[in-house]
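Please read the structure below before turning to the comments.
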């Protein structure tokens, strides 16, 4: 896979933005591979993702800031530049359920997820063998009810040591305290096993079973302070019927959770997601 | 289409039910075309739908009761017998949106919905031309805020006169008072324009737009006293993205509503739905 | 709906195309509402769709050619300019099946399809009433086997008189002779009732039934000289099972055909489709 | 999971079959948990699956034959009896692609596939580590072009030694000779990476890419003598667009293949599939 540069930006919408940015890339001898933008009418925001071939780009990336600053200031942009050959560090938190972890590790190994995995942290030792198989470091930090706070600090410490770029909660059954959110703002991806905002909170498959819905869903979203309320990245559903027991729901749901989480993770790694307000734009 | 008889029943689950019922049909020279049952573990209920060819059946349907009574009593069954060549009467209530009405009338005319439509009632005159085109009686009963009660009584009176077997709310924008529910228990089908229980109440597409979901849904259900809480018959969803404006959601939603409502109506007509607790079994 | 201008173009891929085009629009005081492009690696082609607000655009559209010519020539572009408030003329050809026609006419009336319908032509009189209801001209031109050629000439004549921008075959059961293709190149949209390239030719639902597939499909495509082989615009499928008779397949298929055809027609009207080789790009 | 008995049968359709079979089960004190049947109008066949609780069944399964024989003969039934707590033996053949193998082994370990895996056979050593991880025997038998016949005999020998009940080709890239089909009739499950009958043969994703389809599919089927022509068990599709490169198709396809194959395997293990003619009934 050849390297490409990805410029992601958000600013108040106004005339000439596409021209200004594409001209900047062109003037410095970059070749736009793909450009996508979105004008959000409600907020008056302009959001853009430009992917370009930097082979002949005449600005050194370490000095990109300096050259782009005048444009960024003029248009009041929030922006960041990424490179596709930079592999971000993903830390995974997991409890006992292994399906999402197994799926992420397999996709990582097969090259589908272009990231590093410096650490997998779990409150249970059960998933150590699969992490070992894929040669990914695995740390067990039990989270006892009576000592939750201390455990959380240990996890934070471990994370600070490994400095991941983002966190994935691969069916991690503990609620994270606010410190995690402030250290990793818009950088913690969770998988919730329902079609949010239906069935917020605990045991969504049980809730779905009791309500008698005809499809069950899964939702990946960025974690915010309000439970199950963060910006939604991806959702999907699968049909069920009266024949499906609660166990069948759990099983069908597992297949869904894996796919929905892995899509969100891949898009995050590929710098395809922009958050605005409590929503996301996914440039696919 | 040849005629078939459909026996629908619910009773406490116990050994020998399938044998007893299929033997009853066989003994009286009926030929089972299709049998389907469901044992609900939670409630301990047995639910069954048997469709049989009554051509050589040796019991006159007017005397079916008498012959089936011993079995029904022994097993404490709730049951009903229907015939596929009996066309039930469907009354439609509609407001200004016409997409569901147009769809139902077309399917009715094309033979997909084997029912009679004695009356379409609306609080607005807008949809009279399409009802006229399909030669279906159309009555306008305005429902002014200051005189809601009187209008409701008029509608009830009109219904009593036409004696429909069931009611369909094809995007009828008024909440029905309890009298309707007691006159048509489990026989009023509504279409709600969200994937229930997400986005209960008014303006679900607006709610969905604000929440930033990645799919929008529609739900057909039997109406009960609690708003948008009745037994769900059918649901479906369609993918949306940040590119979709609120208008796009409304348009995509219309296509969904039509399909989800018409499925529910067809299954109701074909006696495929059994309600138990607040859930449905749909024998498809 | 406010007016927008849509520039569609194809040319050999090279550096600076996005910049050049967006700069052209910006320089002439147009505001880009949405830009989308695609680089096809195999053919080395660049395809782009730019939608811009022409309110303050300083070039009169009648003179757009002249101003854009230097760019078009330099980059060897094939291009066209459209305006969203120009309503293209769509002629519909239909036989006896009415579901696609009914759907198109309804969507047209409800404002979903921003086109004019100068003429509906059929080889049977059956669908005249619905065309009358929607006040769309309807001409019957029988196509007898022994006089096919003459009938085709009549149809061509009628079309020449009404000068439609494109043709829609809404389950028209006659094969069109080459003259139609040369008069309306890449402007005849057909709906084929299978997931092409499976089940080419006659009676695809029968073929699907015999083969025992688990889903049935529909495909809308531009008509070319080779039967069922033109560039595919849209496809979709629906699940079936052993319970579905051939009649059920036909009924489920009808719902699919309507939706798949109407999407293709809307995208064509909205100038979202670019054909390259035997494939399409649909900028949605 | 408690044990249940599953009776699968096919016979010419006639009156009284459901009654006769359910009465037989009831008379011998079995409790029907689920019964499902299908009457195929074209062939005049009756196909049935009865699942019953054998706890108080008064016939020893070793003598079931003797007791059921009179019924089976009278109605010319083809039938078999299975028990849910009997774990059939599944042999897997695989080449280099690992996604289906990894998925099957994980589902096996997690309890979703109630079978034994006595042997995985591959023409390449690449997938040994994952088999080792899941503690499943793995044999490498290279299949050189110049010595194909000998390799096939070795594989057959190995299979004879392990006596699997059925074979799964988890992206095994060799065509099996007729001997395999005669030893495992209707017991070899293949996954083909297209929506059959579209794109028969080699490189279906390439074919799909060239044809410009808007969805790609996968098909699991029983292997017969004609390539990619056996009875279809399950199919599914996923949407693609012009943005998807051939590599993207391959990646999206992998997710599809896993799911479609694992469903077919689970249904086979749970005795849910009946083959008739070149089609299947799947009692789900």
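Note that the chains are named A, B, C and D in the order they appear, and that numbering of residues resets to 1 at the start of each chain.
The rule is simple: a residue touches a chain if its C-beta (ideal position, glycine included) is under 8 Å from a C-beta of that chain, and two chains touch if they have at least 3 such contacts.
All of these numbers come straight from a predicted model, not from anything done at the bench.
**Student:** Which chains does chain B share as contact partners with chain D?
**Tutor:** Of all the chains present, those in contact with both chain B and chain D are A, C.
**Student:** Need the most distant chain from chain A, centre defined as the mean of C-alpha atoms.
**Tutor:** Max centre-to-centre separation from chain A belongs to B.
**Student:** Taking each chain's centre as the mean position of its Cα atoms, how many Å separate chain A from chain D?
**Tutor:** The answer is 37 Å.
**Student:** Please compute the C-alpha centroid of chain A, do the same for chain B, then give the distance between them in whole Å.
**Tutor:** Taking the average C-alpha coordinate of chain A and of chain B, the gap between them is 41 Å.
**Student:** By residue number and range, which residues of chain B touch two or more other chains?
**Tutor:** In chain B, 243 touch at least two other chains.
**Student:** Along chain A, where are the residues that touch chain C in the complex?
**Tutor:** 15-20, 22-23, 25-27, 29, 31-37, 39
**Student:** Can you list the chain A residues touching chain B in their complex?
**Tutor:** Residues 38, 40-41, 195-199, 211-215, 231-237, 241-243, 245, 277-282 of chain A touch chain B in their complex.
**Student:** For a test of understanding, state which residues of chain B touch chain C in their complex under the given definition.
**Tutor:** Interface residues on the chain B side: 98-99, 102, 106, 110, 112, 129-130, 133, 243, 251, 255, 259, 284.
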